[in-house]
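Next come two complexes, and both contain subunit A; in the first it sits with subunit B, in the second with subunit C.
What follows is the complex of A and B.
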């Protein structure tokens, strides 16, 4: 499996685990704020995701992130740049 | 001589109360992530303080013979909507530092109001004492982030959040101008 595809799967698995939801609920086109309504919990999820994926994101990295696939792309970009 | 408590007083005390609750919820959420070490210890104390402050305001409002009002949006919520969510510990600490400074600033200003009811005055003093420690521990925690993020990045982040805070505070004051003016005017000797 390509690294990018692996990262995508890991991010989706992480979010599904965090939300205690089945994998098919965390679709790439899904809006993050539709999955997590509470902004504090969204912050918690993103912080924990970074620990799990071994990346460090900044606010500017997530400026245009709205959906799960945008978040995957941001993590993939960090992994590539690392 | 103390001036009578007005609807505007009730509103602002309710606003303070709801903001403290919001702070407690935020730090409580962070405690799920940061569970060990000095950071977790300080976050736990900070969470407890914010909850305690919400209680102090509840107690104060009730002692005035009133119940808290429902508040639409806290300052933190307005702020996060405007600047976006912090996404790492450094940004979280920087944004918290900005809020804490704004809170102390506002509480200090309120405390200078002539004819302030002693129950409100006493509550402000109690809370401001805790806020001093909040600023100190966060300042130290931010310094501890410098090896990872660089001193310049930490300082630039703080500067960005402080500038946004000035704008949002000005906007908030404008939004509630009549209320605040009324509160200060009614107490002029």
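What follows is the complex of A and C.
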């Protein structure tokens, strides 16, 4: 499995675990607003995702994050740059 | 790790290596969530409020419906003013886990957002009151009649459409790490829905027909929700525009006697900004603060303790008396 694919799987598994959702509900094309209803939950999830994945997401990294796939790409970009 | 850290280049020179949490978080997904909340919990209650009157004209209102409305209004306002405001935002007293949970649920029914978001936004408001960073200052558009009218509507309601979200990791750290508060906050929409359904079901149980259900939904549900919301929001708007200002501070907060009852004492807003930690907004015998009466009663019953108030001898003289 490629590194990028591994990161994608890790992020999806993390989100599913954090939100206590079945894995098949957290599809890459899914809007984050469809999975999460409250701003503080989204922020809490990103904080914990950073710790799990060992990356630091800055505010500018989140400007285009609307879907699960976008979040995966943001983490992948940070991993690549690290 | 802190979300969301300030970019390295934006940090002050004196602390280049120390990570600094952003004061506010802003990205499109956050704003999309705020717009959704605004639609469901501000626009819909307003439409529900408007629709309630013709509906009630058809269903009629019984004394029982009025009683449910008054009890629901009181419990919701207690939840907001004592729970969200004095306890969660300002730690004006201490209480048990059970009371903490109860206050969270009662306030959530008010549809003003989950406690973590509410407290973070309110603490941020105290830090930046009536400055450009303030999320809901009525003075955002400056002086002048048109600007003030625009500012009133902004601070009353429209700021909620989209605003820089105060970082809960910074402004509500104690709440976001509290398992009970976090769990109940995640169920926020369930509590709001129950707040609409409970009065409907009570009136249905009393009358035994659909008219009862609709009357309860209209009066104890939508009219109560809209009244509680607008009551709180008037403190953001009018209590930063009109009224007396015995404690001249760096903000525009004002005291208003006429509004003490609907706000349960929250309208002594200048006093509150002078002494935000105090459980008691009243600083004179004639300043009535029903929320504090409730807190004092709870303290007598042992439900709350370590109630913080301003000792008379420690109160600074109001600026007017000092001649400034």
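The definition used in the following text is that the second predicted complex is superposed on the first by the 82 of 82 C-alpha atoms of A that agree within 3 Å, B and C clash if a C-alpha of one lies under 4 Å from a C-alpha of the other, contacts with A are read in each partner's own complex, and residues count from 1 in each chain.
Convention: a residue touches a chain if its C-beta (ideal position, glycine included) is under 8 Å from a C-beta of that chain, and two chains touch if they have at least 3 such contacts.
These numbers were taken from a predicted model, which means no experiment stands behind them.
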Contacts of A:58 with subunit B and subunit C, given as first, second, both or neither: both
Which superposed partner A:32 touches (first subunit B, second subunit C, both, neither): second
Which of subunit B and subunit C A:42 touches, first, second, both or neither: both
Residue contacts on subunit A - larger count, subunit B or subunit C: C
First, second, both or neither for A:66, with subunit B first and subunit C second: second
First (subunit B), second (subunit C), both or neither touched by A:50: both
Overlap of subunit C and subunit B interfaces on subunit A (superposed complexes): 39-44, 46-47, 50-51, 56-59, 62-63
Contact footprint of subunit B on subunit A as seen in their complex: 39-44, 46-48, 50-51, 56-59, 61-63
Subunit C to subunit A touching residues, read off their complex: 1-5, 7, 22, 25-30, 32-34, 36, 114, 116-117, 120, 165, 167-169, 172, 176, 182, 185-186, 188-189
Complex contacts: residues of subunit B adjacent to subunit A: 25-26, 29-30, 32-33, 77, 80, 84-89, 91-92, 148
Subunit A - residues contacting subunit C, complex: 32-33, 36-44, 46-47, 50-51, 56-60, 62-66
